[in-house]
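Chain lettering (A, B, C and D) follows the sequence in which the chains are written, and residue indices restart at 1 in each chain.
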Amino acid sequence: MSTTDDRIPQWGILKDMSDTRIRGYSADKDQLGKRLARIEGQVRGVQRMVDEDRYCIDVLQQISAIQAALNKVALGLVDGHVRHCIADAGGEDSREEMTTELMGAVGRLVS
Amino acid sequence: MSTTDDRIPQWGILKDMSDTRIRGYSADKDQLGKRLARIEGQVRGVQRMVDEDRYCIDVLQQISAIQAALNKVALGLVDGHVRHCIADAGGEDSREEMTTELMGAVGRLVS
Amino acid sequence: MSTTDDRIPQWGILKDMSDTRIRGYSADKDQLGKRLARIEGQVRGVQRMVDEDRYCIDVLQQISAIQAALNKVALGLVDGHVRHCIADAGGEDSREEMTTELMGAVGRLVS
Amino acid sequence: MSTTDDRIPQWGILKDMSDTRIRGYSADKDQLGKRLARIEGQVRGVQRMVDEDRYCIDVLQQISAIQAALNKVALGLVDGHVRHCIADAGGEDSREEMTTELMGAVGRLVS
(Lines give C-alpha, C1' and ligand atoms only; values in the text may rest on other atoms or scores of the structure.)
Protein backbone atom coordinates (compact mmCIF):
# COMPACT_ATOMS: atom_id res chain seq x y z
CA MET A 1 0.00 0.00 0.00
CA SER A 2 2.22 2.77 1.25
CA THR A 3 5.09 3.48 -1.08
CA THR A 4 7.21 4.11 1.98
CA ASP A 5 6.95 0.43 2.87
CA ASP A 6 9.66 -0.48 0.46
CA ARG A 7 12.10 2.28 1.19
CA ILE A 8 15.50 1.61 2.61
CA PRO A 9 15.18 1.54 6.39
CA GLN A 10 16.95 4.02 8.65
CA TRP A 11 18.91 1.23 10.18
CA GLY A 12 20.18 0.02 6.85
CA ILE A 13 22.03 -3.25 7.08
CA LEU A 14 20.67 -3.95 10.52
CA LYS A 15 17.29 -4.72 9.05
CA ASP A 16 18.59 -7.59 6.99
CA MET A 17 20.95 -8.92 9.61
CA SER A 18 18.43 -9.25 12.35
CA ASP A 19 15.55 -11.63 12.81
CA THR A 20 14.52 -9.86 15.95
CA ARG A 21 14.14 -6.31 14.88
CA ILE A 22 13.02 -4.12 17.75
CA ARG A 23 10.13 -1.83 17.05
CA GLY A 24 8.53 0.64 19.42
CA TYR A 25 5.61 -1.75 19.72
CA SER A 26 7.58 -4.98 20.13
CA ALA A 27 6.76 -5.37 23.82
CA ASP A 28 3.04 -4.92 23.15
CA LYS A 29 2.88 -6.83 19.90
CA ASP A 30 0.37 -9.41 21.14
CA GLN A 31 -1.96 -6.82 22.59
CA LEU A 32 -1.66 -4.74 19.43
CA GLY A 33 -2.53 -7.76 17.29
CA LYS A 34 -5.61 -8.46 19.41
CA ARG A 35 -6.78 -4.88 19.16
CA LEU A 36 -6.41 -4.89 15.40
CA ALA A 37 -8.28 -8.18 15.13
CA ARG A 38 -11.10 -6.66 17.15
CA ILE A 39 -11.14 -3.58 14.93
CA GLU A 40 -11.34 -5.83 11.88
CA GLY A 41 -14.36 -7.49 13.48
CA GLN A 42 -15.93 -4.10 14.14
CA VAL A 43 -15.54 -3.14 10.48
CA ARG A 44 -17.21 -6.40 9.46
CA GLY A 45 -19.97 -5.57 11.94
CA VAL A 46 -20.56 -2.26 10.18
CA GLN A 47 -20.76 -4.07 6.83
CA ARG A 48 -23.45 -6.33 8.30
CA MET A 49 -25.35 -3.34 9.65
CA VAL A 50 -25.39 -1.80 6.18
CA ASP A 51 -26.49 -5.10 4.63
CA GLU A 52 -29.37 -5.22 7.11
CA ASP A 53 -30.39 -1.61 6.37
CA ARG A 54 -29.77 -0.50 9.91
CA TYR A 55 -30.47 3.07 10.90
CA CYS A 56 -27.78 5.53 9.68
CA ILE A 57 -27.20 6.94 13.15
CA ASP A 58 -26.50 3.49 14.59
CA VAL A 59 -24.02 2.81 11.81
CA LEU A 60 -22.35 6.14 12.53
CA GLN A 61 -22.07 5.25 16.20
CA GLN A 62 -20.19 2.07 15.34
CA ILE A 63 -17.88 3.97 13.00
CA SER A 64 -17.07 6.39 15.82
CA ALA A 65 -16.28 3.41 18.05
CA ILE A 66 -13.87 2.10 15.41
CA GLN A 67 -12.21 5.48 15.11
CA ALA A 68 -11.76 5.65 18.87
CA ALA A 69 -10.20 2.18 18.84
CA LEU A 70 -7.88 3.17 15.98
CA ASN A 71 -6.86 6.32 17.83
CA LYS A 72 -5.93 4.20 20.83
CA VAL A 73 -3.81 1.93 18.65
CA ALA A 74 -2.18 4.94 17.01
CA LEU A 75 -1.38 6.57 20.35
CA GLY A 76 0.18 3.33 21.54
CA LEU A 77 2.41 3.28 18.47
CA VAL A 78 3.41 6.92 18.99
CA ASP A 79 4.19 6.17 22.63
CA GLY A 80 6.37 3.21 21.73
CA HIS A 81 8.15 5.19 19.02
CA VAL A 82 9.08 7.98 21.44
CA ARG A 83 10.01 5.66 24.31
CA HIS A 84 11.99 3.15 22.28
CA CYS A 85 12.89 4.15 18.73
CA ILE A 86 13.75 7.78 19.45
CA ALA A 87 15.20 7.13 22.89
CA ASP A 88 17.46 4.38 21.55
CA ALA A 89 18.38 6.17 18.34
CA GLY A 90 22.10 5.86 17.75
CA GLY A 91 23.16 9.47 17.47
CA GLU A 92 21.78 12.95 17.08
CA ASP A 93 21.05 12.69 13.32
CA SER A 94 19.05 9.53 13.67
CA ARG A 95 17.05 11.02 16.55
CA GLU A 96 16.36 14.17 14.57
CA GLU A 97 15.14 12.16 11.62
CA MET A 98 12.92 9.94 13.73
CA THR A 99 11.44 12.99 15.43
CA THR A 100 10.65 14.51 12.04
CA GLU A 101 8.95 11.27 11.03
CA LEU A 102 7.07 11.23 14.33
CA MET A 103 5.81 14.76 13.79
CA GLY A 104 4.57 13.84 10.33
CA ALA A 105 2.65 10.94 11.85
CA VAL A 106 1.21 13.01 14.70
CA GLY A 107 0.25 15.74 12.23
CA ARG A 108 -1.70 13.21 10.16
CA LEU A 109 -3.49 11.97 13.27
CA VAL A 110 -4.38 15.44 14.50
CA SER A 111 -5.61 16.98 11.28
CA MET B 1 -22.80 -3.91 20.09
CA SER B 2 -24.61 -0.63 20.45
CA THR B 3 -27.44 -0.81 22.90
CA THR B 4 -29.34 1.53 20.63
CA ASP B 5 -29.50 -1.22 18.00
CA ASP B 6 -32.35 -2.92 19.73
CA ARG B 7 -34.43 0.07 20.62
CA ILE B 8 -37.81 0.66 19.12
CA PRO B 9 -37.33 2.50 15.85
CA GLN B 10 -38.65 5.99 15.23
CA TRP B 11 -40.82 4.64 12.47
CA GLY B 12 -42.43 2.10 14.75
CA ILE B 13 -44.70 -0.26 12.88
CA LEU B 14 -43.40 0.83 9.55
CA LYS B 15 -40.17 -0.98 10.23
CA ASP B 16 -41.88 -4.32 10.54
CA MET B 17 -44.27 -3.78 7.67
CA SER B 18 -41.68 -2.96 5.12
CA ASP B 19 -39.12 -5.13 3.40
CA THR B 20 -37.68 -2.14 1.65
CA ARG B 21 -36.82 0.20 4.41
CA ILE B 22 -35.28 3.38 3.10
CA ARG B 23 -32.13 4.56 4.79
CA GLY B 24 -30.15 7.70 4.05
CA TYR B 25 -27.54 5.47 2.42
CA SER B 26 -29.87 3.25 0.42
CA ALA B 27 -28.97 4.80 -2.93
CA ASP B 28 -25.25 4.33 -2.25
CA LYS B 29 -25.44 0.98 -0.54
CA ASP B 30 -23.23 -0.82 -3.04
CA GLN B 31 -20.55 1.84 -2.99
CA LEU B 32 -20.71 1.93 0.80
CA GLY B 33 -20.28 -1.84 0.97
CA LYS B 34 -17.25 -1.67 -1.31
CA ARG B 35 -15.66 1.05 0.78
CA LEU B 36 -16.15 -0.91 3.96
CA ALA B 37 -14.70 -4.05 2.35
CA ARG B 38 -11.65 -2.04 1.35
CA ILE B 39 -11.31 -0.64 4.88
CA GLU B 40 -11.49 -4.18 6.25
CA GLY B 41 -8.64 -5.08 3.91
CA GLN B 42 -6.64 -2.10 5.10
CA VAL B 43 -7.06 -3.20 8.72
CA ARG B 44 -5.82 -6.67 7.79
CA GLY B 45 -2.89 -4.99 6.04
CA VAL B 46 -1.97 -3.25 9.27
CA GLN B 47 -2.11 -6.57 11.13
CA ARG B 48 0.32 -8.00 8.58
CA MET B 49 2.63 -5.00 8.99
CA VAL B 50 2.74 -5.58 12.74
CA ASP B 51 3.37 -9.30 12.25
CA GLU B 52 6.29 -8.43 9.99
CA ASP B 53 7.71 -5.94 12.50
CA ARG B 54 7.34 -3.04 10.12
CA TYR B 55 8.53 0.39 11.17
CA CYS B 56 6.10 2.14 13.59
CA ILE B 57 5.84 5.23 11.43
CA ASP B 58 4.78 3.20 8.40
CA VAL B 59 2.12 1.45 10.49
CA LEU B 60 0.90 4.84 11.70
CA GLN B 61 0.65 6.08 8.13
CA GLN B 62 -1.64 3.19 7.23
CA ILE B 63 -3.78 3.81 10.30
CA SER B 64 -4.19 7.45 9.23
CA ALA B 65 -5.25 6.23 5.79
CA ILE B 66 -7.90 4.01 7.40
CA GLN B 67 -9.14 6.90 9.51
CA ALA B 68 -9.43 9.10 6.44
CA ALA B 69 -11.41 6.36 4.68
CA LEU B 70 -13.70 5.94 7.70
CA ASN B 71 -14.25 9.70 7.85
CA LYS B 72 -15.32 9.62 4.22
CA VAL B 73 -17.80 6.83 4.93
CA ALA B 74 -19.10 8.68 7.99
CA LEU B 75 -19.57 11.93 6.06
CA GLY B 76 -21.46 10.04 3.38
CA LEU B 77 -23.81 8.63 6.03
CA VAL B 78 -24.33 12.08 7.57
CA ASP B 79 -25.08 13.48 4.12
CA GLY B 80 -27.62 10.78 3.39
CA HIS B 81 -29.24 11.22 6.79
CA VAL B 82 -29.73 14.97 6.27
CA ARG B 83 -30.83 14.65 2.64
CA HIS B 84 -33.19 11.72 3.08
CA CYS B 85 -34.09 10.76 6.65
CA ILE B 86 -34.46 14.30 8.02
CA ALA B 87 -35.85 15.78 4.81
CA ASP B 88 -38.49 13.04 4.55
CA ALA B 89 -39.29 12.93 8.26
CA GLY B 90 -43.01 12.80 8.73
CA GLY B 91 -43.66 15.78 10.94
CA GLU B 92 -41.86 18.33 13.05
CA ASP B 93 -41.32 16.05 16.06
CA SER B 94 -39.70 13.34 14.01
CA ARG B 95 -37.44 15.87 12.30
CA GLU B 96 -36.42 17.38 15.63
CA GLU B 97 -35.56 13.97 17.02
CA MET B 98 -33.58 12.97 13.96
CA THR B 99 -31.68 16.24 14.10
CA THR B 100 -30.83 15.62 17.75
CA GLU B 101 -29.57 12.15 16.82
CA LEU B 102 -27.59 13.64 13.94
CA MET B 103 -25.92 16.16 16.22
CA GLY B 104 -24.94 13.39 18.62
CA ALA B 105 -23.34 11.54 15.73
CA VAL B 106 -21.55 14.63 14.36
CA GLY B 107 -20.36 15.48 17.87
CA ARG B 108 -18.79 12.02 18.21
CA LEU B 109 -17.07 12.42 14.84
CA VAL B 110 -15.71 15.87 15.62
CA SER B 111 -14.40 15.26 19.12
CA MET C 1 -10.79 36.78 5.61
CA SER C 2 -12.90 34.26 3.82
CA THR C 3 -13.52 35.09 0.23
CA THR C 4 -16.95 33.61 0.64
CA ASP C 5 -17.86 36.47 2.97
CA ASP C 6 -18.50 38.80 0.10
CA ARG C 7 -20.38 36.49 -2.15
CA ILE C 8 -23.95 37.09 -3.09
CA PRO C 9 -26.14 35.44 -0.49
CA GLN C 10 -28.50 32.59 -1.27
CA TRP C 11 -31.40 34.78 -0.31
CA GLY C 12 -30.37 37.52 -2.71
CA ILE C 13 -32.40 40.65 -2.29
CA LEU C 14 -33.78 39.51 1.00
CA LYS C 15 -30.45 40.18 2.63
CA ASP C 16 -30.57 43.85 1.82
CA MET C 17 -34.24 44.28 2.53
CA SER C 18 -34.19 42.88 6.01
CA ASP C 19 -32.73 44.27 9.21
CA THR C 20 -33.70 41.13 11.04
CA ARG C 21 -32.08 38.41 9.07
CA ILE C 22 -32.63 35.05 10.68
CA ARG C 23 -29.60 32.87 11.05
CA GLY C 24 -29.46 29.39 12.50
CA TYR C 25 -27.81 30.89 15.57
CA SER C 26 -30.11 33.88 16.01
CA ALA C 27 -31.88 32.47 19.06
CA ASP C 28 -28.56 31.77 20.77
CA LYS C 29 -26.70 34.85 19.61
CA ASP C 30 -26.00 36.17 23.10
CA GLN C 31 -24.72 32.87 24.40
CA LEU C 32 -22.62 32.44 21.25
CA GLY C 33 -21.11 35.90 21.75
CA LYS C 34 -20.22 35.08 25.34
CA ARG C 35 -18.59 31.82 24.36
CA LEU C 36 -16.49 33.52 21.70
CA ALA C 37 -15.45 36.25 24.14
CA ARG C 38 -14.33 33.58 26.56
CA ILE C 39 -12.40 31.80 23.82
CA GLU C 40 -10.70 35.08 22.95
CA GLY C 41 -9.68 35.36 26.61
CA GLN C 42 -8.35 31.81 26.55
CA VAL C 43 -6.18 32.62 23.52
CA ARG C 44 -4.81 35.67 25.34
CA GLY C 45 -4.14 33.40 28.30
CA VAL C 46 -2.03 31.14 26.11
CA GLN C 47 -0.08 34.16 24.86
CA ARG C 48 0.67 35.10 28.48
CA MET C 49 1.76 31.53 29.24
CA VAL C 50 4.23 31.68 26.36
CA ASP C 51 5.49 35.09 27.49
CA GLU C 52 6.09 33.64 30.93
CA ASP C 53 7.92 30.60 29.55
CA ARG C 54 5.41 28.18 30.96
CA TYR C 55 5.92 24.47 30.48
CA CYS C 56 5.04 23.26 26.94
CA ILE C 57 2.67 20.61 28.20
CA ASP C 58 0.65 23.14 30.18
CA VAL C 59 0.41 25.38 27.12
CA LEU C 60 -0.76 22.38 25.08
CA GLN C 61 -3.43 21.62 27.67
CA GLN C 62 -4.84 25.11 27.32
CA ILE C 63 -4.82 24.84 23.53
CA SER C 64 -6.81 21.59 23.78
CA ALA C 65 -9.30 23.39 26.02
CA ILE C 66 -9.69 26.12 23.38
CA GLN C 67 -10.19 23.53 20.66
CA ALA C 68 -12.87 21.80 22.74
CA ALA C 69 -14.61 25.15 23.24
CA LEU C 70 -14.41 25.92 19.51
CA ASN C 71 -15.82 22.49 18.69
CA LYS C 72 -18.75 23.22 20.96
CA VAL C 73 -19.39 26.53 19.20
CA ALA C 74 -19.09 24.85 15.81
CA LEU C 75 -21.51 22.08 16.74
CA GLY C 76 -24.00 24.68 17.94
CA LEU C 77 -23.76 26.43 14.57
CA VAL C 78 -24.25 23.17 12.70
CA ASP C 79 -27.25 22.36 14.89
CA GLY C 80 -28.82 25.75 14.22
CA HIS C 81 -28.14 25.46 10.51
CA VAL C 82 -29.90 22.11 10.26
CA ARG C 83 -32.80 23.08 12.54
CA HIS C 84 -33.46 26.51 11.08
CA CYS C 85 -31.74 27.32 7.80
CA ILE C 86 -32.24 23.94 6.13
CA ALA C 87 -35.61 23.24 7.74
CA ASP C 88 -36.94 26.65 6.66
CA ALA C 89 -35.33 26.63 3.23
CA GLY C 90 -37.83 27.76 0.65
CA GLY C 91 -37.84 24.91 -1.80
CA GLU C 92 -35.98 21.77 -2.72
CA ASP C 93 -33.12 23.50 -4.56
CA SER C 94 -32.35 25.79 -1.69
CA ARG C 95 -32.38 22.89 0.76
CA GLU C 96 -30.09 20.85 -1.45
CA GLU C 97 -27.63 23.72 -1.71
CA MET C 98 -27.66 24.38 2.03
CA THR C 99 -27.09 20.70 2.71
CA THR C 100 -24.11 20.69 0.37
CA GLU C 101 -22.71 23.71 2.20
CA LEU C 102 -23.37 22.01 5.52
CA MET C 103 -21.50 18.90 4.43
CA GLY C 104 -18.54 21.02 3.37
CA ALA C 105 -18.52 22.59 6.83
CA VAL C 106 -18.87 19.27 8.66
CA GLY C 107 -16.14 17.79 6.48
CA ARG C 108 -13.76 20.59 7.47
CA LEU C 109 -14.57 20.04 11.15
CA VAL C 110 -14.08 16.29 10.98
CA SER C 111 -10.85 16.16 9.02
CA MET D 1 -7.47 28.60 34.08
CA SER D 2 -5.95 25.18 34.19
CA THR D 3 -5.43 23.96 37.67
CA THR D 4 -2.19 22.43 36.46
CA ASP D 5 -0.79 25.92 35.95
CA ASP D 6 -0.15 26.32 39.62
CA ARG D 7 1.25 22.94 40.35
CA ILE D 8 4.76 22.45 41.48
CA PRO D 9 6.91 22.16 38.39
CA GLN D 10 8.79 19.01 37.49
CA TRP D 11 12.00 20.91 37.71
CA GLY D 12 11.34 22.05 41.27
CA ILE D 13 13.76 24.64 42.52
CA LEU D 14 15.26 25.16 39.09
CA LYS D 15 12.19 27.07 38.03
CA ASP D 16 12.70 29.71 40.66
CA MET D 17 16.44 29.87 40.31
CA SER D 18 16.53 30.55 36.65
CA ASP D 19 15.59 33.63 34.68
CA THR D 20 16.35 31.90 31.44
CA ARG D 21 14.30 28.78 31.58
CA ILE D 22 14.52 26.81 28.37
CA ARG D 23 11.27 25.55 26.96
CA GLY D 24 10.77 23.43 23.88
CA TYR D 25 9.43 26.52 22.14
CA SER D 26 12.08 28.98 23.28
CA ALA D 27 13.76 29.23 19.88
CA ASP D 28 10.44 29.94 18.17
CA LYS D 29 8.94 32.13 20.87
CA ASP D 30 8.53 35.18 18.64
CA GLN D 31 6.90 33.25 15.83
CA LEU D 32 4.67 31.49 18.33
CA GLY D 33 3.60 34.82 19.82
CA LYS D 34 2.76 36.17 16.37
CA ARG D 35 0.70 33.11 15.52
CA LEU D 36 -1.27 33.37 18.75
CA ALA D 37 -1.87 37.09 18.17
CA ARG D 38 -3.22 36.26 14.73
CA ILE D 39 -5.47 33.55 16.17
CA GLU D 40 -6.78 36.06 18.72
CA GLY D 41 -7.61 38.35 15.81
CA GLN D 42 -9.38 35.51 14.01
CA VAL D 43 -11.53 34.84 17.09
CA ARG D 44 -12.46 38.52 17.22
CA GLY D 45 -13.30 38.30 13.53
CA VAL D 46 -15.74 35.48 14.26
CA GLN D 47 -17.37 37.58 16.99
CA ARG D 48 -17.85 40.38 14.45
CA MET D 49 -19.36 37.95 11.96
CA VAL D 50 -21.89 36.82 14.55
CA ASP D 51 -22.69 40.43 15.47
CA GLU D 52 -23.34 41.14 11.80
CA ASP D 53 -25.58 38.07 11.43
CA ARG D 54 -23.34 36.49 8.84
CA TYR D 55 -24.30 33.19 7.29
CA CYS D 56 -23.70 30.18 9.61
CA ILE D 57 -21.61 28.35 7.04
CA ASP D 58 -19.23 31.29 6.65
CA VAL D 59 -18.83 31.49 10.42
CA LEU D 60 -18.11 27.76 10.49
CA GLN D 61 -15.46 28.18 7.81
CA GLN D 62 -13.65 30.74 9.92
CA ILE D 63 -13.84 28.50 12.97
CA SER D 64 -12.26 25.68 10.97
CA ALA D 65 -9.48 28.07 9.95
CA ILE D 66 -8.85 28.90 13.62
CA GLN D 67 -8.76 25.21 14.51
CA ALA D 68 -6.24 24.56 11.75
CA ALA D 69 -4.09 27.42 13.05
CA LEU D 70 -4.33 26.08 16.62
CA ASN D 71 -3.38 22.61 15.43
CA LYS D 72 -0.29 24.09 13.80
CA VAL D 73 0.68 25.83 17.02
CA ALA D 74 0.05 22.64 19.01
CA LEU D 75 2.16 20.53 16.65
CA GLY D 76 4.98 23.07 16.95
CA LEU D 77 4.85 22.75 20.73
CA VAL D 78 4.85 18.96 20.55
CA ASP D 79 7.82 19.09 18.18
CA GLY D 80 9.76 21.38 20.49
CA HIS D 81 8.92 19.25 23.51
CA VAL D 82 10.25 16.09 21.86
CA ARG D 83 13.32 17.75 20.35
CA HIS D 84 14.35 19.76 23.39
CA CYS D 85 12.61 18.90 26.67
CA ILE D 86 12.65 15.13 26.24
CA ALA D 87 15.96 14.99 24.40
CA ASP D 88 17.65 17.09 27.10
CA ALA D 89 15.92 15.44 30.03
CA GLY D 90 18.44 14.73 32.77
CA GLY D 91 18.03 11.02 33.29
CA GLU D 92 15.76 8.14 32.44
CA ASP D 93 13.07 8.96 35.03
CA SER D 94 12.70 12.50 33.84
CA ARG D 95 12.47 11.38 30.23
CA GLU D 96 9.85 8.76 31.08
CA GLU D 97 7.76 11.33 32.92
CA MET D 98 8.00 13.87 30.11
CA THR D 99 7.02 11.22 27.59
CA THR D 100 3.97 10.32 29.67
CA GLU D 101 3.04 14.01 29.78
CA LEU D 102 3.59 14.26 26.04
CA MET D 103 1.31 11.31 25.37
CA GLY D 104 -1.41 12.88 27.49
CA ALA D 105 -1.11 16.04 25.42
CA VAL D 106 -1.10 14.21 22.08
CA GLY D 107 -4.06 12.12 23.23
CA ARG D 108 -6.04 15.29 23.96
CA LEU D 109 -5.16 16.69 20.54
CA VAL D 110 -6.12 13.53 18.69
CA SER D 111 -9.40 12.75 20.39
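Some points to look at:
In this section, contacts are C-beta pairs under 8 Å (C-beta built on N, C-alpha and C of every residue); 3 or more make two chains touch, one makes a residue touch a chain.
Worth saying up front: this structure is predicted, and the values here are computed from it rather than measured.
Of all residue numbers seen at the subunit B-subunit C contact, over half occur in both copies; the interface is built from largely matching residues.
The distance from the centre of subunit A to the centre of subunit C, with each centre set as the mean of the Cα atoms, comes to 33 Å.
Centre-to-centre separation between subunit A and subunit D, using Cα means, comes to 25 Å. Along subunit A, residues 71, 74, 78, 102, 109, 111 each make contact with two or more other chains.
If each chain is drawn as a node and touching chains are joined, the picture is one closed loop, every chain linked to exactly two others. The touching residues of subunit C, counted against subunit D in their complex, run 1-2, 4-5, 9-10, 21, 23-26, 29, 32-33, 36-37, 39-40, 42-47, 49-51, 53-67, 70-71, 73-74, 77-78, 80-81, 85, 98, 101-102, 104-105, 108-109. On subunit C, the positions that touch subunit B within their shared complex are 68, 71, 74-75, 78-79, 82-83, 86-87, 95-96, 99, 102-103, 106-107, 109-111.
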